[in-house]
Amino acid sequence: MKVGIINVTGYIGVELARLLCRHPHVELTCVTGRSAAGQKLGDVFPHLASIDLTIQAELDSVDLAFSALPHKSSAEAVRPLVEAGVPVLDTSADFRLSAPDYKAWYGLDHPCPQYLSQAVYGLTELHRKEIAASKLIAVPGCYPTSAILALAPAMHHGLIEPDIIVDSKSGVSGAGRTLDLGTHYSEVNESVSAYSLEGHRHLPEITRELHKVRPSGPAPAVTFLPHLVPMTRGILSSCYAKLKPNALPSGKAAIAALRELYQDFYRGEPFVRVTAAPPQTKHTWGNNLCLIYPTVDVRAGRLVVVSCIDNLVKGGAGQAVQDMNLMCGFPETTGLDAPAIFP
Amino acid sequence: MKVGIINVTGYIGVELARLLCRHPHVELTCVTGRSAAGQKLGDVFPHLASIDLTIQAELDSVDLAFSALPHKSSAEAVRPLVEAGVPVLDTSADFRLSAPDYKAWYGLDHPCPQYLSQAVYGLTELHRKEIAASKLIAVPGCYPTSAILALAPAMHHGLIEPDIIVDSKSGVSGAGRTLDLGTHYSEVNESVSAYSLEGHRHLPEITRELHKVRPSGPAPAVTFLPHLVPMTRGILSSCYAKLKPNALPSGKAAIAALRELYQDFYRGEPFVRVTAAPPQTKHTWGNNLCLIYPTVDVRAGRLVVVSCIDNLVKGGAGQAVQDMNLMCGFPETTGLDAPAIFP
Amino acid sequence: MKVGIINVTGYIGVELARLLCRHPHVELTCVTGRSAAGQKLGDVFPHLASIDLTIQAELDSVDLAFSALPHKSSAEAVRPLVEAGVPVLDTSADFRLSAPDYKAWYGLDHPCPQYLSQAVYGLTELHRKEIAASKLIAVPGCYPTSAILALAPAMHHGLIEPDIIVDSKSGVSGAGRTLDLGTHYSEVNESVSAYSLEGHRHLPEITRELHKVRPSGPAPAVTFLPHLVPMTRGILSSCYAKLKPNALPSGKAAIAALRELYQDFYRGEPFVRVTAAPPQTKHTWGNNLCLIYPTVDVRAGRLVVVSCIDNLVKGGAGQAVQDMNLMCGFPETTGLDAPAIFP
Amino acid sequence: MKVGIINVTGYIGVELARLLCRHPHVELTCVTGRSAAGQKLGDVFPHLASIDLTIQAELDSVDLAFSALPHKSSAEAVRPLVEAGVPVLDTSADFRLSAPDYKAWYGLDHPCPQYLSQAVYGLTELHRKEIAASKLIAVPGCYPTSAILALAPAMHHGLIEPDIIVDSKSGVSGAGRTLDLGTHYSEVNESVSAYSLEGHRHLPEITRELHKVRPSGPAPAVTFLPHLVPMTRGILSSCYAKLKPNALPSGKAAIAALRELYQDFYRGEPFVRVTAAPPQTKHTWGNNLCLIYPTVDVRAGRLVVVSCIDNLVKGGAGQAVQDMNLMCGFPETTGLDAPAIFP
């Protein structure tokens, strides 16, 4: 099966290339990137020199396509593919939100709202069946992946009050490859900062998906605050919510009971691991795992869940490949089973 | 005035030496450190080679002493000084808590509980007068300094519900100079992790001091979660609490009103700055400032405050010097006015 | 084929486990480590949780063994295996040097000098045939791998005077997992330093192997200076030597001619790439490549070669697996063909 | 005395501001920067918020000016000041080289070659008297400062052959604040690379100044190779040259003899310290020291000298202030005596 990557020249694009070039059931036959068109992929990205492809301006005919373009450009680029019935996995925000939400958060009229109803939100663990049946996947954002997976079991069991706080810490690669003073080495190295305090674009995905987990409950009121930390890869999300009265046994027993609920919820999931000790982002470096550590602040009666992912893998390219595996009927872990690289 | 540092060989100890050696009104005459006794200070710490002192096993006679020993050892070491009437600034936890709280959180009977009533909690901005009148200062922990200063104005004005979350991100120097796999370079570099999920020892200070700001209100229920981030210095604390109904004007006006309350609260404070944009820890590297950015998540009706300090300066040695200035009647900023080093 | 790792708990050990667990022709059946004996491998190293092994005190029966013990302990541990005819790849220094050199550089009488003559130096590109025929491999040190591969073509063609300088910059993982102030995060972060200025133990390997490349020439006089740089993985070696008169065409033509000699020398090598632009260590993160950029300082008439490897892969575990592939008759790249992870 | 900074918005510019704002004998009255003109200095650089200045488009009248503009723009900007007799310290390359060398290395005709003869090379330790008598200082580059100070004593005493290698490792701030993929966080973090292999612009300064130290000897043939390492500040230069026969006692005695020569050479220098142990760049973070460790590779008969500076202080802004102190008759260490910040 021939697959292509639209806009290979960003960090999600190269990560897709890295994963797809070793996938046993697909052949990466085409990569595009306007700024680097005509150059060998390995000249622009030496770590991909084993892939013998020239970056093209436009996509050749393929059986399935990934888009790693920014929002708006992505919808415009994949529209003809969607129309032609080519399966598409879009890692941009373009097919994640309803048209009104898209307008509200991205300040744009959606370029092709008629296709939104076909799109499936590609958070594999929550939408496995719809993904398998779809030809247009909106691959989730990196922050939502870490937050939703951390909170879904608690939401599902109705353990928590709707007031939720998600405090996320991300490596700098999440900000992409476009030059900016905010990602200039000397400005971000040895520093932590919060950003998007007025509201980050990943918030509506988080809120909607958490509500979907338990649609009978009230819509959660999520405060989501992202932070930039001086490392290249990884997201750690710390999630907080008040436990409902009697939702769990009292005292320390609550922790064990919670842990069991989480383990049951994710039993059999190849890429979610409920850990016995608080995880480090480093334990996911380069692989598709989401590590989740749920606990209870017994003094305050509060749920605390910490989750870790590699923002470019489970938070982007890896999840896209996981979704492709489902769409194509491949075993879900195909091409994604290499352990993280540590240290 | 002759001053000495007990246990100069940790990071708070050397930071005290760095600040005191240039203080115009005191003379650093003695530094101790058992493991390095007999060595020149500049041989152990080359950046302090301009200080011509030999590390001693025991403290000489001084007019005022700083202790940078770990808890328990510190109380034992400063007891004779306290008895002799020598003013002491203790950067350990030994004089921060009541005897029962100390027992509960540190698992030890307090070595000299009879002196606890003399001790003043050295968070300068909240206890200026008591500090000036005291001879025994419990210098606050680094996390509490960042959290309490971030939340004190909101507490003071009764803006928030008692459910409070403090999510702190700290550089690795906060873990000290003692060898540990958790601070081994290859283990922590390029990684973020949460720790002390079962409750961190800095929690009782935070809770008590926030309550003291508005003793008429209920005791806050604080969930405090510290995180280790891959950088040497700095703490950023993100603090969250639900706003009380009608505590602030509705909509975006809440943000401006909040900001004004914070500016008024800290007006004239030389080391607290309410910033117009979200701060970075890097903006405090090496100096005694606490930068605070208060805002409101208007959608969720929630207070969000971000604060930054250098954990070794305002979070330790700098605040100790600030307290000493008060105790000695020096202008409060003496020896502490160098700008941060950026980038 | 059953393989085992002696002392899995260091960084070379876990890297061997990471590579071997996905190798299609071997089965990792046993890992040892005294300090962690009895614990699940995945509990000590969460990134290896997919490997279902318990760390043992002693090695079970295996068909081939890797030792990742420190020197001296390693020779002692593998001696019974060697005696029993089990193929062994030793990543320590124990079988790299002659007994007198070992005594001179490690200050010890060799524990089993009788086996030194059987040992083959496992720098694959220079000793492929001997490795394939051997049952005891001394896997080269990380620095020698980068230095020897960088200089071998120039030595082979007799291009350079015997005065050679190798200036190497290494990530901190090269110093291992043992706690030390020199690898304590806050001490090494944001700092570069040189070490072993009195002579590093990897020097005799470098000198001997370079001489072996052209035994008819004089023994080179190598000055080798290692540096610690604040990153986890990677070695970049910058190598300098005066060009012999007329060894290359004059002027800029020398550069192209040199490059061609290097490309010819390494033609067909799967893990050595002569690059068109100066490489970054990051381009080898996690994989087995050695990237080499040879050039000429035309003004000074000097050869300058820059090489990059991942110190834990081509500089350790990866090269060991490459050697194993040769010994077992597997294709040389088996289990080693994943691209580097970038960024 | 009123002083001004032309182009405060780069890293040398802000570092000048940081140092000058606390200098007891000058008043910083004006800072310029076209891109940020009209903004408060503290809004653009929060760490300088204590300096109450607005960034201007053009310089006001001052008694002495620093230029932190790039080359070419700098000469153009300072020309009217030079003509008006205002003392100028230029941190760009514009007054460092002769007009032909400038043309050769910077590819430009010099904008005002008529002033080159007035300019003094501001490497304080080697040109103290000329600096004190001059009104136009060419502040040296960061690399040349570290290399020349490391080698000057050996040159002075005629210890070494003219073949010299300088292998320098620099933090990323040396590349400035202009956006570039080569200083984009995710591209440089966790990576080391060599650059300017075809010849770096700082080479001619190094060669000329080393020759000047011993003009009777041959011009040295210097190979200078700069490397980028993942940290913000600091340069470590490792310098190598063959010792002349009998230049030093044989064996280990050479090391002690060399050390004594170096100590004598720099006796009384406030900012050069010949260290007893190999230095780290971190020991100079934020201050004006150059730490030098000279030794001999006894096996190879080679001089090895390691030097460390903070590239923005002794390698730029600090040395400029040191030169200003000389020009104005202030004690040379005025405003420069704060210890480095460690860790």
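Think of it as A, B, C and D in the order they're written, each chain with its own count starting at 1.
Criterion: a residue touches a chain if its C-beta (ideal position, glycine included) is under 8 Å from a C-beta of that chain, and two chains touch if they have at least 3 such contacts.
From a predicted model like this one, the values you see are computed outputs, not experimental measurements.
The interface holding more C-beta pairs in contact, when B-D is weighed against C-D, is C-D. Set against the C-alpha centre of chain D, every other chain centre is closer than that of A. Centre-to-centre, using mean CA coordinates, chain C is 37 Å away from chain D.
The distance from the centre of chain B to the centre of chain C, each centre being the mean of the chain's C-alpha atoms, comes to 46 Å. For chain C, the set of residues that touch two or more other chains comprises 11, 171, 173, 186-187, 189-190, 230-233, 279-280, 282, 285, 343.
Contact residues of chain A toward chain C in the complex are 11, 14, 18, 21-22, 43, 45-51, 173, 190, 232-233, 273, 275-277, 279-280, 282-287, 291, 337-343. Of all the residues in chain C, the ones that touch chain B in their complex are 11, 171-173, 177, 179-181, 183-190, 230-232.
Of all residues in chain D, those touching chain C in their complex are 163, 165, 167, 169, 171, 186-187, 189-195, 197-199, 221-223, 225, 227, 229-234, 236, 238, 240, 242, 278-282, 285, 293, 295, 297, 299-302, 304, 306, 308, 343.
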